[in-house]
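In the two complexes below, chain A is the common chain; its partner is chain B in one and chain C in the other.
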Partner chain A sequence: METTTDTKNSFINTFREFEAGLNGSAQGSLHEKRKEAISLFEKTGFPPTRDEEYRYTNIAKALQKSLGSNTGQLESDMDAQAIEGFLFKGLEANQLVFINGRFKPGLSQIISDPKNILIQELSEAYKEQPEKVGAAISKHAKPESDAFVALNTAFAHNGVYIEVPDNTVAEHPVVLNFISDGTKGTTTSMPRNLFLVGRSASVSIVEAFSSIGENTTFTNIVTEIDVQQNAQVQFVKLQTEEDKAIQVNNTHIYQQADSRVTTTTISLGGNLIRNNLNYAVDAKNCESNMYGLYYLHGNQHVDNHTVVDHRQPHCESNELYKGIMDDSSTGVFNGKIYVRQAAQKTNAFQSNKNLLLSDNATINTKPQLEIWADDVKCSHGATTGQIDQEQIFYLRSRGLSRESAQALLLFAFAGEIIEHISLEPLRAYFTDILEMKLKAKYQG
Partner chain B sequence: MLSIKNLQASINDQPILKGINLEIKAGEVHAIMGPNGSGKSTLASVLAGREEYEVTGGSVTFNGKDLLDLAPEDRAREGVFLAFQYPVEIPGVSTTNFLKTAINQVREYRGQDPLDAVSFLKLVKEKMNLVEMNQSLLSRALNEGFSGGEKKRNEIFQMAMLEPTLSILDETDSGLDIDALRIVANGVTKLKRPDSATIVVTHYQRLLDYIVPDYVHVLYKGRIVKSGSKELALELEEKGYDWIKEEADNIQA
Partner chain C sequence: MSKDTDILEELTSGEYKYGWETKIEAESAPKGLSEDIVRFISAKKEEPEWLLEWRLKAYRHWLTLEEPKWPNVNYPEIDFQDVIYYSAPKKKPQLNSLDEVDPELRETFKKLGISLDEQKRMTGVAVDAVIDSVSVATTFKKKLGELGIIFCSFSEAVREHPELVKKYLGSVVPITDNFYATLNSAVFSDGSFAYIPKGVRCPMELSTYFRINAANTGQFERTLIVADEGSYVSYLEGCTAPQRDENQLHAAVVEIYAAKNAEVKYSTVQNWYPGDKQGRGGIYNFVTKRGICAGDYSKISWTQVETGSAITWKYPSCILKGDHSVGEFYSVAVTNNRQQADTGTKMIHIGKNTRSRIVSKGVSAGHSQNSYRGLVRIMKRAENSRNFSQCDSLLMGDKCGAHTFPYIEIGNSTGQVEHEATTSKIGEDQIFYCNQRGISTEDAVALIVNGYCKEVLNQLPMEFAVEAQKLLALTLEGSVG
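This part shows the complex of A and B:
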């Protein structure tokens, strides 16, 4: 009886259907990885809350409640007009559109020369370069590291493959729009992205998540970014889904010598979000920056877990996550920095700052440092507070309404994160989004 | 312009102001002096609408309106300005950015059109010179990392921008070196208009050499115990507050 099937088994059944639908593609190294991943998932299932890593975020329960045994992927009839509002307007960028996990070439626009930056649908890329792509998948995002990575790997098929050749500065940013359409029923999607950034190459990539509809949408995405020597990557995530959306987002970054990677994760919408951001810093003189902003309302729950693994000396990591929690929302921050014995002269800084706007809002924060090397400079800390009433009074005494004083202070608090987006048109775009969000709330 | 009658206020149930009476007319400068803890800053805060203080009695009328009934922002929009004793640092908000919002909300309240960017910048340039303020300070985060003198100058700069009818300077002179004091005081003096009034709350007579008061009031234990002309300030400087305390305590007893 289908009604008694739990979500885990339903995903396994969905996998069988997916596998059958692959026809000729159900072979090769990628499919071997899929099969290993599904049997791993079958063994472990979803992480229980007794798993320390998922202590505050019970995704299994949320999925069971809202998806039950409907773990399939629905078709969507959204057209260019329907998605227009979700795209980055006026931004000169490669814009790719995925709806319910499926690539929509007709709605996408690739403006860059493939010699400058190769942007392909993942299954196409695998067809063209099976050895290269097959070997790169799960090289850094190991299925055994996390049940959701395992589940995603089992379904690895649709997604984006980006290759930036050596010594190439990608002319235009790449914006990946993942839209979930829950108008006709619950739906799931498992995008799998693979970005290979060559030596001394440079690229900016955005993943933007949005949703529509009354039904639960579940997105379980995995992105692997392989960064070669002296390369520069700017990676931004924007989560603005509706309040029926559940998302698990795994990002694995691997850095070679002299490279710099800056990630900015901005979570404004969605019902339940879990972000796992992992940096493996495997060579000297790397810079790893992690910035995050979560601004939550209603019953939203956003959990950011970050890991930086400093394996080699003379590297630097900077982490700043800021949260604003309103209503009954919940934020979770867990940041781990490992400094291995070989990683002497590491500079690692980590900070999590939170503002609670309501008595019912919650933040669980845990900054962690684990250091085996003895010649390092590391610091970490977390603060949680409320809006400073002295600051509010100061602004009001100059004629600002209470609401606009509050909006101004929140904008200043959050703006520090957006400032770290180095590409000007993107930064301006995110500034606008934040201003609009604050205006909507404070009519300022 | 301002009429304070039997004003009483407390904080955490502790009475601080115990019946203040004060009449201020347009064009006048009133100095309020007194020993530490006499309630000077409380009076300034209550007039500006600081919410920690509870007004327990009396009335304040400002240009015919019940001032105590107005929110802090509406007091500002009506023309009340408080130069803070300790200007607040606000990271991430530049002086120009916040002042533009402030001025336009004040203008909106008064039924005026908002200032466009060009007129706003012109006004900034004009008022900046008045307090010898460096433009680079204005684009920095409000008061963050400013020296004491820079913070106080920024207060007077904001006052110049907002053109209030009643300015309350709360110990604006405390901790300033003589050059900064001169700049701040000259700014205030230049901003005086026949239709505006100033309350100078101070501990030291020094400031009153530059901002010459029409009246000097001495506040002690929450009451004005003595009022006089500017000569009273000189007398206080010379003799201290003890004789006034004694006089007041004797009357009380």
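This part shows the complex of A and C:
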């Protein structure tokens, strides 16, 4: 732990600078939360690997090694042309661009009517409705739950605030592009997002992460989604960063009665990724779906931790995470399902399937059930294996090369996750990305 | 519903039938733990110098360790200075035949239903009885001796086969292994030792019966089983304790060594006193059990039926070092009232083409908490390894909990690992089906639970399977709510 005090202290110093730079904003309920969070972080520091939750993923060590005491945020001069390649083309959506954690209004386009869906920068939203926004921040993502949430809360300023009014179907999806520019040096960013989805409202939101440059970029993002009665949310994360990127991604979802939330997490790039996905299901008759895909190469390390906390009866959760590990990559999966005593008649299903393509690849999986109610149906399963040689043989006997056969089988394996994205243009887009990635690997 | 509750009441108020205490004069060490106590135990056992050194090394290491806090169980802190580390039935002169065993003691084992008496030869089980950590009698020694099988108390093995003990003691569970294993290494008082020579198939079940009798004592026994090349042995372990209000500590270590082509089957029916309905008293069962499949084509199979103990904390493990070796773990863990169990297994695949199978069935009732915690690790060079795990939990009543913590770590692409787990209660439709066939609800539950556990119970040797089934029925019948 001593070895990481450098980076830790450096973050604390960065906070002092950040605080000084806030000027007029350094007051109010939000700033109280920031100060509490930084002192909490100062006390706990980064989680060591003897912390059960971080047993397989030593983020502190990686940060120490690659950031040292360079925990500041760099400015970037990327322009519309430079970022063009990172955007979703041909998608009719609200596209927001963040570079090194800062919102770039000039590069973004918001096409929806604010009455249909309100999209603002978080700091601006807080200025306009300090009480509402101030109360909602950290309501579900508690700083004491995780050191990285605490660190992010301390810097809570940049990010997106989305509000969907009651009985409204958002016309267009919202795409948040987080681009990290590591061309000039190491940089960190701490976006903080807050989505409030009203009663019987419906919305689709995408978070896409990408990076450029030779230097380490560290993204520590927290997203809170508060879902009211009978609302529907589709939430997709796409991680396609460069191999210098470190990312810690905390998502906290709070569900009210009769609501439905589907998350899809797709990790294709980045050096070290830790995703914490938490569902608190606090009312009857909710549906929570979690789908995940990680396709890893080189020395990538991706750690997915999911928690579903069933507190009330008659709810259902489905979880399916699939992983393909190649080269010397490492995959980690930990799925927790809690069923509290009151949560009778819960149906919870969890499955984690992995393919290892190389002898240097590793998968550590821990599907976990903790159940205190008796009238439930809960199951989990985990499998790890390799590509079935008989299936390869079948395809080869039909004239496919070994490479194409393998690519086809991997595409089918991964496709099951992408199918769960209900928004057609998004699904097509993800299918293309996956296809391209497989093509690049197996056909040249 | 109310009828079901009645049945539950009736059942849970069922007395622990092994709760009596035998008045046998015992000789104990003073309370507390220090180097002097370790020396005292060693001197009492007239042990050679090297063993004393080994114990002291363990004790000194123990001082540096902290009690593990990660298991999913809750209990007040144990005061390790408030435990008597050695208690033995008053030393008798070396016995020549079983007739000379203290009649009171023989009565004890008769009550337990253990065939100490020669006339029970027909049951064909060789028994080593351990009371308050000291082995009191071993049966069938002669017959086993003819085959070259050594089956005796641990202290006898130290006296008569020091070279074997020295070679294998601590080879599977080293003295630095974990808090309780290290404690055991320092203060273990007795236990059983079995050695099966090359190519011998042990003709009968070897069995150890453990009983804690004296108050305030901890039981620290040590079992070492060595199966030489091509041998086979099936080993049984059973345990009971008197009913008391305070908690007693049981920290045993079992080591199994299987050489090339050897097969060891180890079965446990654990029925320590579980405490009363409010959770007072009962045994803390903190046990380290591990076997190593050192040679190619060897096999170790653990079967356990856990019904007793206030707290169970045990993970019988297999280290599959030899190529083509096989590890198996079959477990039924039943908890009722305020019992807590955190149990499971570890399968470490090191050799090529190794296979392991885990079947764990948990049943929780009352206010109990039942956890499965297991590790399957496939090392990088363990090509073509295969694991299948299944852990099911059955919940009876809405105050109990069932938890699953499987760890799966795979470092080889040719490994195939499958894990599945389910949690549910007994289906009303199943009960209804039985009811409309004229089977009472109570019998239906017994039937369903027995069917649910069958896969594991089938693995037990005959003599134990019957006992285990009775135990299950006793603990659970009718407790569906």
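Everything below uses one rule, namely that the second predicted complex is superposed on the first by the 438 of 444 C-alpha atoms of A that agree within 3 Å, B and C clash if a C-alpha of one lies under 4 Å from a C-alpha of the other, contacts with A are read in each partner's own complex, and residues count from 1 in each chain.
In this text, contacts are C-beta pairs under 8 Å (C-beta built on N, C-alpha and C of every residue); 3 or more make two chains touch, one makes a residue touch a chain.
Computed from a predicted structure; not experimentally measured.
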Contact-wise, after the overlay, does A:L400 reach chain B, chain C, both or neither (first, second, both, neither)? first
Quick one: is A:S422 in contact with chain B, with chain C, with both, or with neither? Answer first, second, both or neither. neither
When the two structures are overlaid on chain A, which partner does A:D359 contact: first (chain B), second (chain C), both, or neither? second
Just checking: does A:D375 make contact with chain B only, chain C only, both, or neither of them? Give me first, second, both or neither. second
Between chain B and chain C, whom does A:Q109 touch in the aligned arrangement: first, second, both, or neither? neither
For A:N167 in the superposed arrangement: first (chain B), second (chain C), both or neither? neither
Answer with first, second, both or neither: which of chain B and chain C does A:N299 touch in the superposed model? neither
Of chain B and chain C, the chain that contacts the larger number of chain A residues: C
Can you name the residues of chain A that touch chain C in the complex? 52, 341, 344, 354, 356-386
List the residues on chain C that touch chain A in their complex, please. 70, 380, 393, 395-425, 481
Touching residues (chain side chain B, partner chain A) in the complex: 48-51, 71-73, 75-77, 81-82, 84, 87-88, 90-93, 98-99, 101-103, 105-106, 109, 141, 158, 162
Help me check something: in the complex, which residues belonging to chain A touch chain B? 388-391, 393-402, 404-405, 408-409, 411-413, 415-416
